[in-house]
Structures are given as C-alpha cells and as structure tokens.
C-alpha cells in the first residue's frame, strides 16, 4: 500500500522569519492589507510504501526527525492520505 | 609535517582553495573523498566551502550523512583539529559538532563582499596567531549565513568564550563593512567546548595573499601550521 | 543496438501514432516553402515528423545562422594568438607557459523573458558547458543585462529574477563573476537581454574539439535524464515574442547547478585522462544538434537509438527525446574499449553515462527508436544545406533624422545638479546591488573584482593574469550602428588596457530585432562592420560568439545591442591598475582628446530627455595608441589608477574615481583646473560630452615627467588637470567653479539601484 | 473574522525538481527506500481577515496568483480554516 505524505516544515514560532516578513510587506504593498502573520516554510510531498497508514506516518516522522526538518530551528506537520 | 585533509563533497567548490592555502604554509594537504571512511592520519580536517549536494533542503543537511563524516566525528573526538569554512561550518552545525544553525540571510540576498571582523578568541588551532580584539577583513560569499541558536546556547557560547569571530555591528557612519547576514550577536564563527572544532562563515582561504587585496586570512593557516595536537584533549572530551 | 539499416540507406518510417506531415505542420515548424522544398530534394521523399522536427531545429536561425553567416564571415578571426577560432563550442587564445584561455558568450533572452530566474540560470549553465567541453576549467563569469526602466514592476521583477538566477547558478558551480554590465531602456521592456560569458583556462596541449571520429566509436549520453523541457527552444528563440509564441512557449527548462558541477568535474577528468574522442553540450536543440554537429565536424555519420536515452518521463517519443532541451546533459564519443572507464569516472561523480549510438561510415544521421528507423538524413547536408538569406538592409528614415537632430527641451537642471542626477540614474549608478549577489572571490584568484573597469584574475602557479570585460553602449549603436559597433569594441579594449592588460581577442553576442526588417538588418550589418574594423585595428580577432535575432515584443524592438566580451593578458599580474584614486597628492591627468560632443550622451538622454544627435566618431588609431600607452605605463608601474570615460563623460569618470571602492571607508576628492583645456568645447560638452578614447589616470607626481614623455612618444594628448585630495571634487572652468561633496556623490551612486529595488525584494523572496 | 490559510506551492509536475531528487536520494541512502516521488516546494501560512470563509479563500487565491506562486513554474493548493 502506498500513501502520499504532505510535510510542512515551518520556522519555529518565535524565531525571526525574514522571508515571511518580506512576503507580508509585499502583500500589503499589493493591496492585501488584510493578510497578517505570514510565515514561509518548506512543503515536502512524498509517497511512502507501508503496510498501514500508521506505519507510513511513523516512518515519515523518522524521515522528518532525521533529515527533513532541523530540530534546532524548525517544526513540522504531517498529513497522510492514501495515494 | 602537519597533515591536512581537505574533505571533498559533491558540490564543494572551495576545495582547491583550501588545499592551496594549507600547502602555502608548508602543510602536507590532500583531498579526502566524501565516500572515504578515514582521514589518512590527518592532524587537521578542513571542510571547505561550496554547495555540498547542491545545498538542497538546507545547507549541509545532506552532506552531514556522508560516510566521511563519521571519520570527521572520530577525528574531532580524539582532539584532532577541524575547520569548517562557510558550507563546512553549515555541515558542522547540521552534524551537531557545533551548536546552532545557519539560516537564510536576513536580507534574503546571496552576499559576496569583504567584511570586517573582530577576533574574539585566539585559543583555537586556527586563530592563535591573532590577538583578541584584533580587526581582520575577510570575504564572505553565502546565502545562508545567519547564525541562530537558542537564547541558552547563545548565553553559553558567550560565557564559555566560544565565539571565535564576530562581525562588526552595523552602526551609522562606521567605516567598517558590518554584519552582512543578520547573525545573532553578530556571530561569524564559533568553536566547540574543547576548542578543537571551529566553524567560520567568512573565507580565510580566499584572503591569504596581498595580490588578492586581502591577506588577513593567512593568519588562520599560520596558526594551524604552528598548532600542536594536544594528547589530553581526547580525555577532556570523553569526561 | 538492434541491427542497423543498410549502409547509406535513407529509408525512414513514421513513428507509430505520429501526425502526418502536412503543409500546416511544416509551417508550424517555422520552415518556409523554400526550406520545405530544399528538404524534399535533399531526402527525395517527404520527411517523417521526427525528421521535420530535426530540420526545424537545425535550420532555425539559432542553429543555422541563415541570416547572419555572410556578415559574420567578414570578421577578422586570425592572429598568432589564435588557437581556435569560430566554429567550436568556444574560442581559444594562446597564453604564456603553455596555457590557453577558452571563452564564449551566449544569449538566453527569450527564456528569461518568460521565466527570469530559470531562464538566466540555464543560460549560465549552457555557457559554462561550452567552455569546459573544450577541456578548460571555468575561472570567470561575466554577464551583460538589459531591461526596461525600473519604474515598471514587471521590469523590476525580471531584473531581480535574472540577477538571482545568474547568481544562484554560478555561485553554486563555484565560478567567480568578475564583471558585467546592466542597462535600462524602454526598448527592452518585454524583451530583456541576458548574455552570459564564461572564461576558462586550459593547457594548450589538452584542448579537445567536438568532432565525432572513428567509425564504430560509441556515443554516450552523460548527465541528467531527458524530460519534455524546452522542446522547440531553438525555434522559439528564432521568432518574435507574441501571443502566438506565448501559446507554443516550450516547457520551462529548470537548471540544476549541482549536477552541472559534477558534470564539470567529470568532463575535465575524462578529457585530461584521455578517455574520450569528443564531447559536446546538449544545448539548443539538445541531442539533435549536438550529435548532428559533431558528426558533420568529423565528416562521419551517426546512428542513435532514442529508445536507449534515459528519460525522466515515460512514453516520450523520439521526436521529443531528440528535441528536448533538458539541462546538464552531454554527448560523449569514446572508443568501444574505453566505455567502461568512462562509465566508472562518471559513476564516481554520481552521473549516468549511457551508450545511445555509434559513429558510422555512411555519413547518414540516422535515428532509431528500439530498432525502428524514424529518421535518416544525409548528415553533412542536414547541417550545411539550410538556405542562406541575404536580407535587404536599409536605414530607417527616422534613424537618419534622429542623428541630425538636437535636444528640443532645455536641461531639467543646471550643470552642477546634473552630476547628481546622472549618478542616480540606474544606467550610470553603481551596480553593487547586482554584483554583490554574485560570488566574486571563489577560486581565490580574484585580483580585481567587479566595480572597476575590468575584472582581473591571476593564473595560479604563473606570474601572469587575465583581464576580462563585457561592454556595449546600445544607445550609440541605435543612433549610428557603424560607429556604435566600433565604440563597443573600443570601450572594451579601453577597459582592459586601463587595468594594464593587453587586449587579446573578443567574443560577441549580437542581440538584434527581426532581420527580415531592412532597418534591423542595416543595424546588424553596419554594427558588424564597425566591430570588424575595430578588431582589425586593435589586433583582437573574433574567436566566436552568438547571434540573437527577433528580440522584439509587442512593445517594440530592442535597441541593437552587440555585446563585446574581451579578454586581455596582464603579465606580470601584480602590475594591475585599479580604477579609483588612491593617494592624496597624486597627479590627476586626462589622456585623449576632448571635443565635447554630446550626441548620444547620457547627459542628453537623462537631463534633456533626448536620445539622438551625431555619435562621436571613434578614431581607431588614436584608441590603439591610448591602449599601448596604458599598457606600457602599467609595465613601468607609473600609474596609481586609470578609469575610462564612457557614459556620462569626463565628470562622471572623475566622480567614479573619487567615489572610490565600494568597501573603502570613504572616497577622496580632487582639485582640478580645466581652464585652458579643450578650447572650443561648450561647458556642457566639456563636462558631459562622450568623446571616445579618453581615460582619467592618477599617478605619483614623481612620475609626471615619465608619463608626459610616454604620452609624447605614443602621441596621445595628455593634460595635467590637478591633484587628488580633500573631501570635494572641485572643477575649475572658464564658466565657473563646480564643487561636489564626494561623500554625497558616494551615497547617491551606491544607493540608486537598491532604493529602487526595495519593493522587488519581496518578489525575490519567492522561490528558493 | 480571521481565517488561517495554508498554501502549498509546488513545482509544476513535468518540471525537473532537482531538490526533490536530492532529498529522495538522501532518504534512500538513509534507509528510507520506501519513499518515492519526492517533490519540494514552499509552505506559506497566513492569517486573512475576511467576512466569510469564501471571501478569505478568494482573496488568498488572488495573493497566490499575484505574488505567492510563480504561474510559469508552480502550482498551488489552498486550505482555509478558522483561526
């Protein structure tokens, strides 16, 4: 069974996010004053072959802890769906 | 004669520069490939600048897992000297041989120019030839050089004198070329607790000859050439 | 490989499911009736769709030079220093001690108009490959850029994206950018120009040429897999940007500088260890042009099986595989007994090397797909028989009128304020915002980085160095293509000579509009005549280059922009002369004659909103003397600085010398007396005129006598204007005394572009 | 009413994704051979003040079309939730 995993790796809240700030600034310059709290991170999409959804998620977590996210500065979020 | 291993990752691009700069102070410098598993009796390991594995995902994130890195870990644990320059510094952080992380420059531009720095710590294999407080000018060339660490880690680094190199602060009308990337506490280089592992964002190997307009980098290599491996460092580390 | 067809046979079959070749399909492929007719004769039958694709690529302007060949043949291409002239991936010139320099410039205009970041990045990738496939290690990059005015957001977006793309690619591969130019004019809105130049070093003995040889030798595809990117890129580059081309815009090519770096190291290892017969980049028209051109150069045939080419997507047709412009791919020819070795070296660099065909003796360019022959074309004729056109060349009435006109409006500001306005114009202001995004120190050989007249690098292990520059003042070319062409070469040579280096040779990137329009072809022909005359006068042969036609968009044609890339030899390299004033008390001297001609000047366009007038003629003999003088003065170490007066004239040159290096704590002023200089020139013309052939130098007063004598023997006019010192640039004229605060000028000069780009920084934050 | 918008901006399929490739290689080298089809893009998170969820989504789309995504090389996906 293969599952599609969507990972969102975001700068840890509280940490300065210059890219988010720049985007927010640009948005309001473009007339989107209603947008705020912009954060920019990484979106990673992958397929994982695993017997169960739970296994797929567990493995994906290991991938994040080991490689996909930097524990010092980033938090990550997982979504698993059937591919 | 001092043996200096320059570690080549796919995507390293300052490997030849580091090799040359080490040889220029009389060291026996040679390349070690990312797939190698030992440093061939190196006294010093240099992780050069570049874009190892394209710096994809995060600078240094993938290189950190290269086979050669366990040899570097061992070398460091045994008290061998390690210098990470730019991408090498990023790799050392990703490998947790040094604390903190190097994030995208605050201005979001790649930045290439000479900057002015202050030597904060000369108790390292690479800065002994300088005096603390001395100003040096070195080139930087990076897109991800903004040093960041938790408040505790920053406090610890300062308290233990582990900040090796600091950019001059950006102050109106100052004649200096200031912090180019928004690093916390203007940190440009740090060392580990034992003092044998050093990471710096600027490029001393590109500034070791007056013909290049900058020569302050040479001190890093003359320091290295004069450095004697301390047999007791290993114990210190193990304790 | 499956059993090959009968030698010499040109029988070919339609690939299952491919469209029939109708008149409409032929037109779709940008082939006109004459060319179609030529194809039918050449094959003696109707082409298969695959063959039609092959012809449309190789007979596109980009690959065939069908409108430019006869003109290009008028360039001087020989000289004692020439190792390799036009026709190879890059030109090669001889240096001391068995060294040689390979260099080339390429345009990537249309891809950059569509996708600035990837367009520029892949442009850099392509020119790098052109150089290292000669066996040269790239040691310097330059880039020449043109955009519409920065007050339009789209132009800011293109500018920011292109600069980021150029930087990210070159920075990652690890080649320092030592120079370039950027200019902004309305004509480039919608059709920016992105020209990238690469300079590489090699041992002359290790030069390798891209000629397939040796019947039975193996063709290998090395590097990235082949995807559907950029199909028809070559023909796309050969038409005007329009709604129509928007629709058939090829899939964007994405660059991977990491793979490029591996390709670079692998290629150099393959070449220096003598493992291969030939190597060529799969650039424009990808596998098709690389294989067909290599075969034609070697006078042999080739047989490829596209079924063997590693692809990124399933179900790619031979048509797609042949025309894909996926990046970071090379075609390598090796003897059968070396194939394993080649693959081992490539594996070491984490690259695939896949046999896809072989060299044949029947001269046929034959393509199979899993054995089925889908194309069989006489190879030589495929490459050489594209019709050549001799379009009509006629200058437009409008251009003639503009040249004899004078400014209708009064100056916006007085002569004093004009300098500040000029230094604030993005065309004249510091390009620091650009070149600080490019690594200029990697390889630890940069002697003079961006910010001066030319970049200078040392050749490690030797005493000598190279000076490199790219130049073109398109405003002059637009007004007077012949003088403008001369001026571009003259400025490049002056920039090289200012550093103390001797000009060696050029590469050119000829960016023009639609050659089928008589006024455009006139510009092209005349500009090339000017370039050829200047190169002859300077002894700097043309070693290669690139023609980019059809630089037009719904908003109009670009200014004709023949960018000149030049290299010079500086031996020994420690003679290098910077372009900024260095020491208080130094003499300030002006070399060359000032008549105060304002035609085509930045002053007229910026301060009087007028682009026109007669372009100051370039005296090639005087220019050559000036170059010789600068070189021998540097040889004898008489100079502290030298800076050429180009856009903005004498005062801007003086201001730039005073403003100083971007990283110096401050600039330094000068007290100058120009009363009695250039009698007959108006104050306007004296300050801001753009007469060619002038250089501002500074020197230790102790050397004045020697310099005066040197100028006399070279019969170059020399005027002692005053001294370096103080905080102000002070200029005494009969018309009165002008004073500018250097610190203020410095701020204006360095802030002009960053100020305008602040908004764009957010746009730039998007994308890795 | 403010809504939290999650945007995922991914390289358009068919386009080369060197970063995704590199990550995929690294994962399998780390023993995650079961992972495939890796694509790496950007995750952008922002708050949008709008009368209704539909308005928030509509505005967010405009932001993507204008600034957040590159129409030539990227596709985007929106999720809107109440903040």
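A few points about this structure:
The first chain written gets the first letter, and so on, giving A, B, C and D; residue counts start at 1 in each chain.
The definition used in the following text is that a contact is a pair of C-beta atoms (placed from the backbone, for glycine too) under 8 Å apart; a residue touches a chain by one contact, two chains touch by 3 or more.
Remember, predicted model here, so these are calculated numbers, not experimental data.
Among the remaining chains, those touching chain A and also chain C are B, D. A centroid comparison over C-alpha atoms places A as the chain most distant from chain C.
By count of C-beta pairs in contact, C-D exceeds the other of the chain pairs C-D and B-D.
With centres set at the average Cα position, the gap from chain B to chain D is 35 Å. Separating the centre of chain A from that of chain D, both taken as means of CA atoms, is a distance of 9 Å. If you average the Cα atoms of chain A and of chain B, the two centres end up 30 Å apart. Shared interface positions of chain B, defined as residues touching 2 or more other chains, are 53-54, 56-57, 61-62, 65, 107-108. Chain C has residues 256, 258-259, 761-763, 765-766 in contact with two or more other chains. Chain contacts: chain D has residues 18-19, 22-23, 26, 30, 40, 42, 67-68 touching two or more partner chains.
Remark: chain D residues 11, 14-19, 22, 42, 67-70, 72-73 touch chain C in the complex. Note for the complex: chain D touches chain B at residues 18-19, 22-23, 26, 29-30, 40. Within the complex, the chain A residues that touch chain D are 2, 6, 8-10, 23-24, 26-27, 30, 32, 34-50, 59, 62-63, 66-68.
Those residues of chain B lying in contact with chain D across their complex are 53-54, 56-57, 61-62, 65.
Those residues of chain B lying in contact with chain C across their complex are 10-11, 13-14, 16-17, 20-21, 49-51, 53-56, 107-114, 139, 141, 143, 175-177, 203, 205-209, 211-213.
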